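Think of it as A, B and C in the order they're written, each chain with its own count starting at 1.
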C-alpha cells in the first residue's frame, strides 16, 4: 500500500517536472487544440443552426438531411481523415473539415427538434395575431428553443474536443501530437502531456456550456 | 484483397469483443444501480468522465500498463462502450411506468421474474440503441488500434498515411466506414425488431 | 361588419363549411355554436385567414379578406384561443403589447396602453406587468389573453372557445368580465363555443351551426322561445324552461331591500328590523355600495359592547353577491350551491340594486312554472 502511494507520488512529481521543462511544447499543443476545436464547432454552428431553422417546415427533407448527417457521424474518425487525405492533404484544413462534419449532427438535430418542439398553441397565437413567420421565429420560437440548441452545441463541443486529438495524424497539431509521440517512444509522460489537458478541456467545455444552457432558459420558464 | 477481408473481420471481432465485455459488465452494473439509486449518480458521473477522455489518450495510457496488442485495445473498447450501455440500460429500466411494476409485484412476481418478464423486454429497444452507439464508437476507436500493435483496418490507413499512398489509405478507410454504416443500419433494424409486439406503433392502414 | 357570401371550405371530400351566408353587424357579440365538427371554428379561422376558403368571399367592412395582406389583416383583428397561448418567455407587459410592438407604436404609448388595459380588468399594473405567465393562474392568464387581443384597439375580435380550458369558477368570472367589457367597448366580437349556457349568457346574437351549415340565427331570447327545429331545441335542452320567463336575476329579486348605514346605532337597527320584519339587513355606504350585512342575532348579542352597526357588521369572506347582468339561473345555482340564505344583487360599481332571497326565488319560480302560461 505504502509502496503504491510512494510510486504514485514519484510519478506525479516526475510528470510535473517533465511538463515544466517542456512547457512550450505543451502550450503550443494546447493552443492548437483549442483552435481546432473552437474553429470546427463555430463553423458547425454557422452551418447547422441556420440549416436546422430552415428545415423546420420541410419535414420530409429534414428527415433525409438528418439521416445523412447521422451516417456521417458513424464513419470512424481515422477513416474520414484517410478519405480526405488525397483531396485535402495534410495539416489544419483536413482536420477541421472532419471535425466540422462531426459537429453537424448534434447541433442540427437539436436546432431542428428544439424549434419544432415549441407548443403549437403558441405558434397559432402568434400567427393569429399577425406575426410574420420571421417575427414568430425571432420573438417566440428561437428564445424558447435556445436551451435545446445550446445543449446540442455542448454535446458537439465535448465530442469535438476529444476527437481533435486525431488531428495529429495528419499534421494538424493539437494535443494528439504529444500523445502520438508518447506512443512511439512508450513514454507515459508525453502521453499524459496530451491526455490530461485534452480531458480537462473536454470536461471544462461541457461544464461551462452546461451553465450557459441553464442560463439560456428564458426567465419566464424557470422554476 | 484477401488481406483486407481478414483485417475487416479482425476489426469487427475486436469491436464486438469490446462491446461484448461492456455488456457483461455494464448490464448487471446498470441493473444494480436501478436498485441502489444513490450509487446511480456517482456511476453515471464516472462513466461520463471516462467517455470524455480522448480515446487515443486512454488507449496510449493503457498501453503503458497493459502492453501492446489486441488485449489492450479490447479493454479500451470495453471502457468506452460502458457509458452508452450502462446509461441506456439504466434509463430504459427506470422509465418504465411504475404502475406496471406495482401490478407485477401485486401478482406475486419476484424481483427476478419482474426483471426477466417485464422490465428487460420493455427496455430492450433502448438497450439495443445503447449497443448500437457503443458498436459504432468501437469500430471508430478500433481504427486507432494499429498504434498499439493491435490488428484491424487501422493498419492500412496508418501505413498509407505515412508513405502517402492514397490507394492503401482507401483500402482501409472505405471498409472501415462501410462496416460502421452497415452495423449502424443493421443494429437499428434489430432495435426495431425487439420492440415487444404489443407495444408497436401500428402503421396507418392503406386505403 | 363581417359578411360571408357563399363561403365553402372543403378538405378533399370532407366539406367543413357549406355555402355559408352570414352577416355580423358592427358592435355585436355574435356567438357561433354547435356540436363538434359543425364548422364553427373553421368559419372563425377563415375571417383572419388562418384557414382560406375553398370558394366564396368574406368581407370585413366591405373589403375582401383575400385582397388583403394576411399578416397586416391579422394585426387588425384580436385573436383569443382556448389554449391561451401567452408567450412564456415574455412578461405580461411584453405579451400584451406584442401587436402594438409589431405595429411600431412608440414605447410610451405602449406602456400607457398596457397599464390602461390592466386597470380595466382590475389587475394592478405595477404588480402584474413585470410578471411571467407561469406565475399566474389559468383564469388570470386568459384575462391577459383577452387584453392582448384588445391592445392594438382592433375593430374586430375573434374568440375560439376562449374559456373552455378554465375551471368553472374562472370561466364564470371571465364571462362576466367579457360581458362587461363588451358593453363598455362595443367591439364587434365573434365568439365560438359549444356551451349553450355560455352562448345564451354572452350573445347579442346566436348562430347555431350543424354539419357545416347555419341552422338558426337569433337573439338568445328568440332562440329560447322559438327554436327553428328539433336539433336546435334539443341543443338548448334544459335551459328552455328556465329561459322562457326567467331571464335575468333582476326579474326574481326584491328591488328594495332593507338597508342601513354603518353609522346607524344598534338599537335603531334592531327596531328597524322588527318593524320591517326581516332578520338580516344589508349595510350600504353613502353611494349605496354594499359594504356588509348584519343579522338580528348579532345585533342582539353585541348590544352592550358596540355602538354602531359598522362595528359589528359581517363583511366576510367577501360577501357573496351577484351582478345585475347575471341570469336567474345563476342566482339559483349560487344560492343552492353555496347554501346561501340570500344573495345581494349589485351592478358593476358595487352599488346595491336588489336582493334575492330564497322566498323571492320560490315566488318567481312558482309563477314561471304555474303562473303565466300565455306567451
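As a convention for this text, a contact is a pair of C-beta atoms (placed from the backbone, for glycine too) under 8 Å apart; a residue touches a chain by one contact, two chains touch by 3 or more.
This structure is a prediction, so every number in the text was calculated from the model and none was measured.
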Between A-B and A-C, the pair with more C-beta contacts: A-B
Farthest chain relative to chain C (centres taken as mean CA coordinates): B
Chain closest to the middle, measuring from C-alpha centroids that were averaged per chain: A
Gap in Å, rounded to a whole number, between the CA centres of chain C and chain B: 61
Inter-centroid spacing, chain C versus chain A (mean Cα positions, whole Å): 55
Centre-of-Cα separation between chain B and chain A, whole angstrom: 21
Residue ranges of chain A in contact with chain C within the complex: 119, 121-122, 124-132, 135, 139-140, 143-144, 218-221, 223
Footprint of chain A on chain C - complex, ascending: 48, 50, 71-79, 81, 83-91, 98-99, 102, 132-134, 145, 148-149, 158
Complex contact set, residues of chain B against chain A: 49, 52-58, 60-61, 63-64, 136, 139-144, 147-148, 153-154, 157-158, 160-161, 164, 166, 169-170, 172-174, 176-177, 180-181, 183-184
Chain A to chain B touching residues, read off their complex: 70-71, 73-83, 85-86, 158, 161-166, 168-170, 175-176, 179-180, 182-183, 186, 188, 191-192, 194-195, 198-199, 202-203, 206
